[in-house]
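Both of the next two complexes hold chain A, though its partner changes from chain B to chain C.
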Partner chain A sequence: MDRETEALLRSSLRAVLSEPGERSLEARLAELGWDDVVAVDGVTARSLLFEVKGEVLSAADALGPMLSGIAASEGPAQAASATLVLPMSLRETPDCSVVDGSITVDGVALQPPGVDSLIVPVAGPGGVRLAIGPARFGSSPLGGTDPDLGLVRVTASMVAAEVTWIEAQAWEAMVATGRYALAIELSAIADRVVANAVGYTKERHQYGRPIGSFQALQHRLAAAHASVVGAGNVAREAARSGDGWTAMVAKYLAGRAAEGACTQAQQSYGAIGFTWEHDFHRSLRRVYLLDRLFGGWRELEVEIGETLHRTGNVPKIGHL
Partner chain B sequence: MAAARIGGSGMQLTLGPEAEAFRAQVRTFLERALPTGWAGFGALDRDEAAEFAIEWRKVLAEHGYIGLTWPKEYGGGGRSKVDQIVLSEELVRARVPFGILADTTSVKMMGNTLVRWGTEEQKRTHIPRIISGEEIWVQGYSEPQSGSDLASLSLNAVRDGDEWVLNGQKIWTSSGMVGTHIFTLARTDLDAPNNHGISFLMVPANAPGVDIRPITTLTGVAEFCEVFYTDVRIPATSVVGEVNEGWKVATSLLGLERGEEAATNPIWFRAELDRIVALARERGLTDDPVVRNKLAWCYSKVEIMRYLGYRIVTQYVKDGALGPEASISKLYWSEYHQEAAQLAVHLLGARAMVREGRRPLRFFRTDEPGAPNNTNSWIDVFLLNARAGTVYAGTSQIQRNILGETMLGLPREPR
Partner chain C sequence: MTSEAFTAAQPGFEGLTGYTDALTRFLTFDPRLDPYRRFRPTDLESGAAHLRGVQQLLFDEGWSRVGWPERAGGLGGDPRCRAALFQAMWDQDILIPEAYTTLEILVPVLLVYAPHLADRLLPTLLRGDEAWCQAFSEPDAGSDMASLRCRMEADGDGYRLTGQKVWSTYAHLAQRSLCLARSGGPGHRGISMVLVDLDQPGVEVRPIRAEDGDNHFGEIFLDGAYVSSDRVIGEPGQGWEVAMYMLQWERGAWGWLQQGRFHNRLERALELGGGGASSAASLGRAYALTSALRLQTKHTVERLAREESLGPEVSVDKLLLVDAELATWDAIREHLGARFDTDEDLHWLRGEFLFSRAAPIYGGSQEIQRSLVAQRVLGMPREA
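Moving on to the complex of A and B:
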């Protein structure tokens, strides 16, 4: 995609993601001719989608349909309309496993289940497989720190004999996609957080000077910016390569950089940054929740370290 | 003095026979006053806790434990500042509050200010009412344009006959919704340099022209207020200390407050660390080397905080003044607390997405000792309490400037 087309797409996505109202993101993207755009340059298109989503702090669910699409391409077509339930933890004993022929589910869905069919990652000896099929379930808004996102807590049971199984690579592809998409979004939110804090420190005066002229704040914001730029680069590389390792590193870096950017920005804002009236909390609460999807940065940090130790191999990321 | 001695069993701190006798007396009182198996104030839900604090405050007042150091002629306990430190320590250890939240400003700040600076009439009028809880005083220092640079404040007070007329705005008044009175700093001489020309004034919250509006915090709870003054008239006798000398009045309180904090902070943070260790066990993460490393780090910090506290208290008891360690204290605990709160939410993992259980009983420092290890307690401590700690009562940046310039003797930052 050339620069001019990219700028045009970015501008269209800003309009699409800022559109008020109930219309689904899928419908809005369809109007934009999204499938054609993806067919031309899917990597750039998807990267831009999540970048702009973070930039304008959109709560629309862009990830759910992409993940269901992966399940549908690897398994039965019904997967496209089924709801994916993410486990509460990717590192510890998975919440979902087959016991006495039934699968008990406790997890988070990115949107309220539309049909009575779920996609659930289930741990087994050969890795994590996806179970797709009918389920008896209850769901309630997750709320959490960011009710705007519309996440849903799902508890369900499925009969193992009634489900279709998809082997591990589909789940691995979904994890990689989820991680790079969230990494791009988190980096974009963090970028917004730093930029807004910089703006504030130029305007806010204490001791007769803009507070941004004090090195104590300059250094904090400069350090935050450096982390965010680094994380953003790795996130875009993860989108390009589609590689699971790069996506994990990208999600780790972005989660950490975004949390750090929020901390530095909040300190720069002082008391006003703790109010509901100020816009900052929307980014803080969003970062807090997005970091916890597909593995929080602290969990991923441990996983990255363990993998490096176990394999004795330090993979190269892109051209870095 | 406090006998800090190194013996076979390690360092011990005692505050002298009189204070230790008083400690025994307080412990006996607490054993009798609290139910058997008392799990701590933090174990109550929000409504129960609010009710308990009010009732408990009455019990403390009846036994002379509110205003312990204040002269008996005004209804105080007439005891020493060391005894106050002992009392604060024992209350925190027994997991009970020292009053309602607003007593942080009402008793600790305003009460002590009046005892130190008030006129005879001011003391007789207000101190007994502060002790009984009939008057609840809240603080009005910060302004929208005067935060770290508080001395630039611009709430204007003009003398008109026997009255002061106030116009302007204050902000970040904690517990502003429940206050019956406000102590505030106003500019009474426009020509004087920054921290001169400021007076310490007493304003009834229901005075005509006072408009108190709650501010909602990022966790959705209204904890502090902004206060607007429009032609508010108060009697000329509402000044505490000398006119134009309010800065001196406002900054004179640090001693006792820091002494108490030095004794109580380590207990609060240790209670919180015990909850974090319990959380690591509950989550099955005690074998994780990163978690173990971080827990050990937290433990070492809390222990250092404890010994730092011993030093501060020892110095205070010996000289009646604070040593250089006191300046480190605020920076130390507030920066530590952000790391500890971050560890707690990381231990919760993806569970930290779900809000469950009651929210913290207060929005500063730790949740109360005895608090349940639910996600709501930790999410709010992480998002609000811990992060706000490095901002209120002097940001970490201001604390570091003070340390650099006054303790290390570095050149002043250009201002």
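Moving on to the complex of A and C:
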């Protein structure tokens, strides 16, 4: 995708993701001719989608349909319209298994289930398998840390003999994709958080000068900016390579940088940033929640270290 | 040197891969490199002397000439080839001679602002036949570089330098020094950059022993030292601009070189065993921050290769370097436990650890970089 096309797509995505109303993101993207755009340059298109989503702090669910699409490409076509149910831990490790021929599900969906078909990661002796198929389920809104996001708690029962099973690599691909997409979104939110805080420090005066002229605040926000730039590079590399290890490192860096950016921004705002009226808390809540998905940064930090320790290998990400 | 590597070194992605593959084969299999793989110097001076051997070998076989222009004795190809050489050397655990770092910082400047010097002197530097150092800091001009006082006064067809320089890396092993001096009035505009011979009357160099026990840097006392007018880099009074141009190379190339070191040293530490659950988080953090540094400096090296001019955003490279360098060595120390402090065979590793403590200080302190990013990248107001 050349720069001009990319800029055009970016502005179209801004409009799509800022659109008020109930229309689903899928419907809005379809109107944009999303499938054609993805066919031309999927990496750039998906990266831009999550970047702009973070930039405008959109709560629309771009992730669920994308992950269902991966399940559909590895398994039955019906998976494309099925709803993915993540474990209650929001991590990549399933918390349900087949017991007496049935699967009892109590997890989280990123949007209200549409059709009566679910995708559920299930633990088994050979690793994680995906169960795709009909389910009797109940669902209720899940407020939690970020009520804007519209998460849904799903309790369901599936009969093991009635579902289609897909093997572990599909789930691995979904986790890798989820992680890079979230890493890009978190980096973009963090970038917005730093930029808004910088803007505030230029406006707000104390002791007769803008508080942004104080070195203490300059250094907080500069440090946050550097971490965000570093995380963004790795996130884009993860999107480009599709590699699971890179995606894990990217998700770790982005979660850490985003939390750090929020900490520095909160301090820069002082009391006003602590009010309900100020919209800072919306970014803060989003960062905390998205960081949890597919593993929070503190967990990933340990997991990366343990993997290095176990393999004795220190792989290099990205090449000249 | 085979003709294969020379043609492979021409710009373009396929060419770079070809160069890197051929280089890796050479560094991995050629027995002449045996004395350099996993070489652990006992002290800085004997280490530098030993590594001159690898400089000669890589020059004579052509490998280190790739990535430098042909008119200056190079074999053509862009700066990514030099970055690839650093990576390939670290992959074989071959220490990068300090001279390469100096070259990476000083020579691009000469190619632009004093091509007559670059063309004549690059081969002798690359081969290690002589060494240069950088002399910018003064006892009263550290972060506040524009306040430097070393005087530069006209004398016949040249100049005389009088003053004191400090924190000059490897000064006591250098024959020449790229020096910033005051040729005019106060502030940025009165500064010039010159290449001064250190082996002449009126120059005294004293090494300074650093906290790891090695003489990493030195003081240079100038008392009427002579510099001919063809040794001015750029025009008289242009020194600040030249120094700023230099910094973009310092950030990109040095950061890239260091990420190669961090990857290698993390692997060495894992190989030594020990650790376990308690150091997993530190290792994970160190590795991820090193990966962030790698991709950022890769991007910068690629921009330099495209001859883009870089702005204050390269300070981000230095900030990411500081985070990665401190995290890496903290993780290594934690991973090895008491062995890090007691194993006589790990003297070299402790030395590198202690050197890493200077990361937030050397080459423009962390505070200076943060102020630059805040004011010139984020657009925050100048301090009152």
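Going forward, the second predicted complex is superposed on the first by the 313 of 320 C-alpha atoms of A that agree within 3 Å, B and C clash if a C-alpha of one lies under 4 Å from a C-alpha of the other, contacts with A are read in each partner's own complex, and residues count from 1 in each chain.
By our rule, a contact is a pair of C-beta atoms (placed from the backbone, for glycine too) under 8 Å apart; a residue touches a chain by one contact, two chains touch by 3 or more.
Being a predicted model, the structure only gives us computed values, none of them experimental.
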item: Side-by-side fit of chain B and chain C on chain A, or clash; value: fit
item: First (chain B), second (chain C), both or neither touched by A:Tyr288; value: first
item: First (chain B), second (chain C), both or neither touched by A:Glu277; value: first
item: Which superposed partner A:Ile317 touches (first chain B, second chain C, both, neither); value: second
item: Partner chain in contact with A:Arg209 - chain B first, chain C second, else both or neither; value: both
item: Partner chain(s) touched by A:Ala59 [first = chain B, second = chain C, both, neither]; value: neither
item: Touching partner for A:Asn233 - first (chain B), second (chain C), both, neither; value: second
item: Partner chain in contact with A:Glu303 - chain B first, chain C second, else both or neither; value: second
item: Which superposed partner A:Leu221 touches (first chain B, second chain C, both, neither); value: second
item: Superposed model, angle subtended at chain A by chain C and chain B (C-alpha, nearest 10 degrees); value: 90
item: Chain B versus chain C - smallest C-alpha distance in the overlay, whole Å; value: 5
item: Residues of chain A that lie at the interface with chain B and also at the interface with chain C; value: 209, 214, 217, 298, 301-302, 305
item: Residues of chain A touching chain C in the complex; value: 194-195, 198, 201-202, 209-210, 212-215, 217-219, 221-223, 225-227, 229-231, 233-234, 237, 249, 252-253, 298, 300-306, 308-309, 312-314, 316-320
item: Residues on chain B engaged by chain A in the complex (per definition of touch); value: 142, 145-149, 152, 171-172, 215-218, 220, 283-284, 288, 290, 338, 346, 349-355, 379, 383-384, 387-388, 390-392, 395-397, 400-401, 413, 415
item: In the complex with chain B, residue positions of chain A that touch it; value: 87-92, 108, 142-145, 151, 153, 205-209, 211, 214, 216-217, 263, 266-267, 270-271, 273-277, 280-281, 284-285, 288-289, 292-293, 296, 298-299, 301-302, 305
item: Contact footprint of chain A on chain C as seen in their complex; value: 16, 20, 80, 83-84, 87, 263-264, 266-267, 270-271, 275-277, 279-285, 287-289, 291-296, 298-299, 301-302, 316, 319-320, 323, 331, 367, 369-375, 377-384
